[in-house]
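Below: a set of structures, written as structure tokens.
Across the two complexes that follow, chain A remains constant while its partner is chain B and subsequently chain C.
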Partner chain A sequence: MWRVGTVIALHDETTTARTITFEVPDWPGHVAGQHVDVRLTASDGYSTVRSYSIASAPNSDGRVELTVERLPNGEVSPYLTQELAVGDRLELRGPIGGWFVWHTEQTEPIQLIAGGSGIVPLMAMIRSRASAASTAPFRLLYSVREPGAIFYRDELLALSDRNHSVSIAYAYTRATPKDWPRPPSRIDATLIANTTWPSNLVPTCYVCGPTSFVESATDLLIAFDNGRDKIRAERFGPTGERK
Partner chain B sequence: MGTISRGFTGRRSSADAKLPPGQYLTTDFPVLSAGPTPHIPLDRWEFVIDDGTNVLRKWDWKSFRELPTETITVDIHCVTRWSKLGTSWEGVSIDTMLADVKTDASHAMARSYGDYTTNLPLKDLRNKQAWIAFRFDGKDLAPEHGGPARLLVPHLYFWKSAKWVRGITLMHQDKPGFWESLGYHIYGDPWREQRYSGDE
Partner chain C sequence: MSSHTYEYLDGNAAAGELSKIFTMDVTAAEGQCANCGAKRRFAEAHLYMQAPGVVARCAVCEHVLLRLVSARQRMFLDARGMTYLRLDM
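For the complex of A and B:
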């Protein structure tokens, strides 16, 4: 069933990513980690649909936030990040997905690993934890190209400061902040060893990012003795080797 | 017609005519999996057809690769809405693998390394509609795409084409597999747009 959402706010996260807040009056609610289908329809009736992860925590006021990264040759993401204006209406279907989700009843340690815009469903989990006043121990390892590519920067800082409730580690792959101790590099065994939960605490791990990122991060988690059944993954984009 | 999206024009291509409803064309090969990619050494790979109790047929990699193979060129359609046209595979027809199996089962559960499962009517695995594929685009199938071997059932949404497949269990009634238990459609025909449970 398709529902009409009205854009009530727009916020640029980076130069290429925008958060869109929809008000959906009959929204049935969602669980952190789920996604929605978004349908765009042109005036001649042509329509197309894409799936986007929900960034907002479950709430009761019918608000759904998506953060969309603009793809250079995308059909939909340039429209959503550049054309869409407050007051516009779009069709949404969902929420969808029952696997890559974090429920507020979960109390075990949680390891989140994000590559680029893979932070979006993980942010929904972090926000869900905060709004439910959960005390589940959370760690986030967030890999970005450069400091300017971080989504939700201030909010993440605030959440990690408050009683150190979410411990956050950043990894930079192309350019680091000034005086950063680690040269630009991809996630590796040292970083996993130093910043993620030890496997003897049996964390549930959620990994989201481009396919090649997820492949290497999940392989590293397994190399550090995390059980395969404790690792949930969501991949997007091409594999990188076949174009 | 749904709500018009102000200022949206979209892109149309002549290939759209060949696509099931709600799909768009990609030339990439995106990956959709629920967990880590299993890496299965060929000397430990095996494929078993069973009826839930008894093993009916069993192959190791060597005996599997001695079966006659086919080259398959098909369009594939992912429930996440990408479609890829004219993909080229090499594999063994399930007809070949079921040839000596006598059964009155109605359904099958494909089982994978990494504990993934997906259910299908048995008739959808027969009659030149399904293969165990081990090569894509002339190359050995990469682990993230389901290698060493995956099920290929191109007339259904691609989640039915189980990666890292290790066997088929024949069943006398339908039973939901992994994604089918998590909100996805029990059958998954892209031409009827059976994406989610509740779709007609």
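For the complex of A and C:
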């Protein structure tokens, strides 16, 4: 079932990523981690559908935020991140997905691992935790190309400074901040050992990012004795404008 | 032996299309592979979207679990690769 959402705000997260806030009058509510399908229809009738994760925490005011990363040769993301304007209307289907979700009733340790724009559904979980005043122990390992590619930087900083907060570790793959102890590199066993929950605490792990990132993060978690049934993954492909 | 080298997504990515058919969420549903017997959530299946439709394969043995093709006003669903799909009420 498709619903019409009206764009009520736009906010640039980085030079290539934009958060779009929609107001959807009959929005049924969502759970952190879910996504929506967005349908664009051209004047000649051609239509195309893309999936985007919801960035906002569940709320009761019918607002849905998506953060979209612009892909150089994308068909849809350049439009969403550069041309879409406040007041525009788009068709949305969802919320979708009941597996890659975090419910506020969950109290076990949570390990979040994000690669690039894979942070989006995990941010919904972090925001959901904050808005529900949950004290579930959260850790986030966030791998990005360079410091300027971090989404939600100030909000994450504020959350990590707070008591009973989310502990956040960054990993940089191309360029690091000045004097950063770890040279630019992909996530590896040392990083997993130093920054993620030990498996004897039986964390539930949520991994989101490009397919290859998800594969390697998942393999590392399993190598550290995390059960496969405790790992939930969401992948997006090279052409897949998100997913 | 499969020789495909396409990058796959996961079962989550098919959920929007499958919501046209199923009223309940399919990603959290457990399915059993008709080939190797593995029982996994549909979200864990490997999903290939480069075809004219979507093809979900078993995460363990890569056997085809499900094919879904939309053609004009018709949808074709082939789920014979699963012995069952358990939808929790």
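The rule we apply is simple: the second predicted complex is superposed on the first by the 236 of 243 C-alpha atoms of A that agree within 3 Å, B and C clash if a C-alpha of one lies under 4 Å from a C-alpha of the other, contacts with A are read in each partner's own complex, and residues count from 1 in each chain.
In this section, contacts are C-beta pairs under 8 Å (C-beta built on N, C-alpha and C of every residue); 3 or more make two chains touch, one makes a residue touch a chain.
Fair warning: this is a prediction, and the values are worked out from it, not measured in the lab.
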item: Partners on chain A (chain B, chain C) - clash or fit; value: clash
item: Chain touching more of chain A, residue-wise (chain B, chain C); value: B
item: First, second, both or neither for A:48, with chain B first and chain C second; value: first
item: Which superposed partner A:194 touches (first chain B, second chain C, both, neither); value: neither
item: Touching partner for A:235 - first (chain B), second (chain C), both, neither; value: both
item: Touched partner set for A:222, first chain B, second chain C, both or neither; value: first
item: First, second, both or neither for A:88, with chain B first and chain C second; value: first
item: First (chain B), second (chain C), both or neither touched by A:211; value: both
item: Touched partner set for A:107, first chain B, second chain C, both or neither; value: neither
item: First, second, both or neither for A:97, with chain B first and chain C second; value: both
item: Location of chain B clashes with chain C - one stretch out of 9-17, 63-71, 99-107 or 189-197; value: 189-197
item: Doubly contacted residues of chain A, that is, touched by chain B and again by chain C; value: 37, 49, 51, 96-100, 211, 232-233, 235-238, 243
item: In the complex with chain A, residue positions of chain C that touch it; value: 7-13, 15-16, 19, 25, 27-28, 41-44, 49
item: Complex contacts: residues of chain A adjacent to chain C; value: 1, 35, 37, 49, 51, 93-94, 96-100, 211-212, 232-238, 240, 243
item: Of chain B, residues touching chain A in the complex; value: 1-12, 22, 24, 27-38, 80-81, 114-115, 137, 142, 144-145, 179, 181-183, 196
item: Touching residues (chain side chain A, partner chain B) in the complex; value: 2, 4, 37, 39-43, 45-51, 75, 79, 83, 85, 88-91, 96-100, 211, 215, 218-219, 221-222, 228-229, 231-233, 235-239, 241-243
